[in-house]
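In the two complexes that follow, chain A is the common piece, with chain B as its partner first and chain C second.
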Partner chain A sequence: MTIRVAVIGNPNVGKTLIFNNLTGGRAHVGNWPGKTVEKKEGKCRHKGVEMQIIDLPGTYSLTANSIDELIARHYIVNEKPDVVIDIVDASNLERNLYLTTQIMELEANMVIALNKCDIADQLNYEIDVEGLSELLRVPVIPTVATTREGMAELKDAVLGAVKGKPTERLVKISYGKQLDGLILRIEKALQKDEEMCMKYPTRWLAIKLLEGDKEVLRMIDKSSSKDEVTDQLLETVG
Partner chain B sequence: MSEEIREMIGEEPDVLFAEKRYAFISEILPKVLKGKRPLTRSDLLDKALLNKYLGIPVFLALWWALFRFTFDVSGTLSDLIDIGFGSLGEVVGRVIAHEQLASFVADGVIGGIGGVLVFLPPIFFLFFGLSILEDSGYLSRAAFVVDRVLHKLGLHGKSFIPMLIGFGCNIPGIMAARTIDKEEDRILTILVNPLMSCSARLPIYVLIGGAVLGGYAVTGTFSMYILGMVLAVLMALLFRGLIPYFKGKPSPFIMELPMYSTPTLRSSLTHMWERGVLFLKKAGTIILAGVLVVWFLSSYPWGAPLEETYLAMLGHAIEPVFRPLGFDWRGAVGLFFGFIAKEIVVGCFAVIFGVEAGWGAEPANVQDSIAGIFTPVTGLAFMAFSLIYIPCVACIGAIYRETNLKWTIFSVVYGLVLAYVVAFAIVGIGGLLGFA
Partner chain C sequence: MEKKLNELKPGERGVITRVEGAGSLRRRLLDMGLVKGTEIIVVRKAPLGDPVEFLLKGYNLSLRKAECDNVYVLVKGDALE
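On to the complex of A and B.
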């Protein structure tokens, strides 16, 4: 059995380095922003399980606004990797967790690599790793990519994640009473198009629709659930 | 549908959703994160290096130092390679009895490739220096500093990152434009990217600058890089103003500045080696093919003096176009073959002067011969022309893949026109200032 693992993260979180550590591949380490535009793949064997590792472009979010973000989100939505490793810069948690929330909404089977823990230490940050893991209901592994610290644990966590079902431990972000209700109603309306709901997380579709995401708007426009969704929207406006 | 949504949640629904996600994050953070960020050495350095007034001068000074370093360190090594290939050619010439074969090997293969490989040291050291700037974290700051200026001019700040990459090679630079959100901004960035002086142009600056600019060779080279950046900005502004497709405001952009760190020797050497090997591979393939074509054209009909060879015929045919710029037929052929790859320009000169010296004769030093066909002003014009017109066939291919046929043709044509105009202006201004 080969499991497919996608690696994602903000630019400059050490994604290339972790990818290299995992795959044993040699690649240049640098700070050119937007360096990994092309898709990179590698292999790794851990405890008898073969993993195929895919390096996704570094992005701050997963909107339909740039090619990089689209590449990353298409991969997660369409190819449905078994596990998504989200690399989070421990010295810059707030901004990095934004991408994490977006991956949560895509209902991906996520493992967080909390990288640059050494730098966070130097900056006198104290991070409650277990607490973070509990709050997000996602395994969180502290790593230091430059010294390969935490790589074995990360691979263990990936193997562990494959066994669990992510939907059972999904944290939903609340968008306020009014929006949450609307999201639920749109989700129901979307159910009419079974094929689309099999393929995409419905809550994500509803949120993206309300956000005005061009790609999702186009998709729903062509979907058989279009009338139901429009009705829901009209009803709420009225 | 989108209208109903807007009516319901306001003009910017995506901003509202983003705010809610950040609210979720700020709810979690205090529970798991303790400690406050102290002022680090990085912050202090940034206060100086990103300073409103100091930023640009510091950038220019470091950039200049980069070229000073490249030239000074590589000079002796280049001379050694030159001498090495020179004696190798002589030995081979003596060993091979067949005249045409001997000329093919000595003037064509060894002379042509040697003429290009002389520039291996500057390329190695340029990338070594660039890698130090990059790994230290300064290069992203350079982008930030320049972005501030670009933004005031109404340009997309993210454009500068593909442009910085273009200093190495324009092809990844053009591909890096994919990170730009708006299609119009992306195409604009691609169109100006070839103006960033890639490493293949460096041999031309080193050769011509070294031959005719004397003590100002480093300054001449540095000025080409600055000229490229200034032209890129001017062209972007011009296209935005003139071409309806590009009208509109550039979208805002966030840039992250990594912390400063001490560059490691290993990383810099690896980077230098990887880029150097790419250059070597190119020398063994497309550049070799190019110089062999030049050798063939410059040697046949066999026995004819250089002025009567096929190459001279080709050169004389295109020379009138370049005459106003002060380039003779040899310069014209160099630029003609430079279309394939810019390194071929120097390889082409090496072959031409090797053949010109005549078979069996001690070939003249390429730099001395260059000084014979260029003045400081026309030499500078030649450097500028080489900088501006389309870098190479592969780059045209990359532009085509990333845009379409229309923009590809546009890019080739405007590159040639701009190159001509700038070179003409240099010759004109030089003439007015009395450097004829």
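On to the complex of A and C.
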């Protein structure tokens, strides 16, 4: 059995270094079909399990505004990798966790690599790793990519995540009472299109619709739930 | 007083009050942590005033003058707050 693992993170978090550490630097470099964005794939074997590792473009978020972000998002949504490793810069936690919340909304089976722990130490940052893990209900592994610290633990966590059921540990991110109510109403309207709701996380679709995400709006245009969803959106946006 | 981000001098600090601009630019600025309520400090400016380096949320960020034009801040020490 081969498990597919995607590596994602903000630019300059050490994503490529971790990718190289995991794959031993023997990556196959190509392009994403039709796009001039590099696609890197490599293999890794851990405890008898083969992992196919894909390096996704470095992004700050997962909107439909740039090719990089779209590629990363399409890969997670459509290809549904078994595990997504989200690499988070421990020395810049607040900005990095924004992407983490976006991946959570895509309901991906995630493992967090808390990288650059050495730099965070130098800055005297004290990070409650267990607390973070409990809060997000996602395994969090402290790493230092430059010295390969935490790589074995990271691979262990990936194997562990494959066995675990992600649906049991999904955390819903609240946008406040008012917006949560709207999201729920749009979710209900979306449910008419069962096929689409099977394919994409419904809550994520609803949030993207409220954001005015062009790609998701186009998807709704072709959906059987179009009328209901449009009604709800018109009502909420006014 | 509310100012545009590029009207601040090096060493000055402000709190972001709003971010404007075309869809994708505004979105990118928000993604990078330039959200309402965030404290931002001007670290230095390049010789011709473009680009400008900022410190926010514990990291350094460089922006073009034109991009700063979309960000409004409330300078610390001023009234209203």
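Keep this in mind: the second predicted complex is superposed on the first by the 221 of 238 C-alpha atoms of A that agree within 3 Å, B and C clash if a C-alpha of one lies under 4 Å from a C-alpha of the other, contacts with A are read in each partner's own complex, and residues count from 1 in each chain.
Just so we're on the same page, a contact is a pair of C-beta atoms (placed from the backbone, for glycine too) under 8 Å apart; a residue touches a chain by one contact, two chains touch by 3 or more.
Note that the structure is a prediction, hence the values are computed from the model and not measured.
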Partner chain(s) touched by A:Tyr98 [first = chain B, second = chain C, both, neither]: both
Partner chain in contact with A:Asn65 - chain B first, chain C second, else both or neither: both
Which partner, chain B or chain C, touches more chain A residues: B
Touching both chain C and chain B, counted on chain A across the two superposed complexes: 60-61, 63, 65-66, 93-94, 98, 123
Chain A-facing residues of chain C, complex: 23-24, 27-28, 31-33, 57-59
Chain A - residues contacting chain B, complex: 10-12, 28-35, 37-38, 60-61, 63, 65-68, 93-94, 97-98, 101-102, 119, 123-129, 131-132, 135-136, 173-176, 179, 182, 207, 209-213, 217, 220-221, 229-230, 233-234, 236-237
Residue numbers on chain A that touch chain C, as the complex places them: 60-61, 63, 65-66, 91-95, 98, 123
Residue ranges of chain B touching chain A (in the complex, touch as defined): 1-2, 4-9, 13-14, 17-18, 20-22, 24-26, 28-29, 31-38, 40, 131, 134-135, 137, 139-140, 143, 161-162, 164-165, 175-176, 178-181, 254-256, 258-259, 267, 270-271, 274
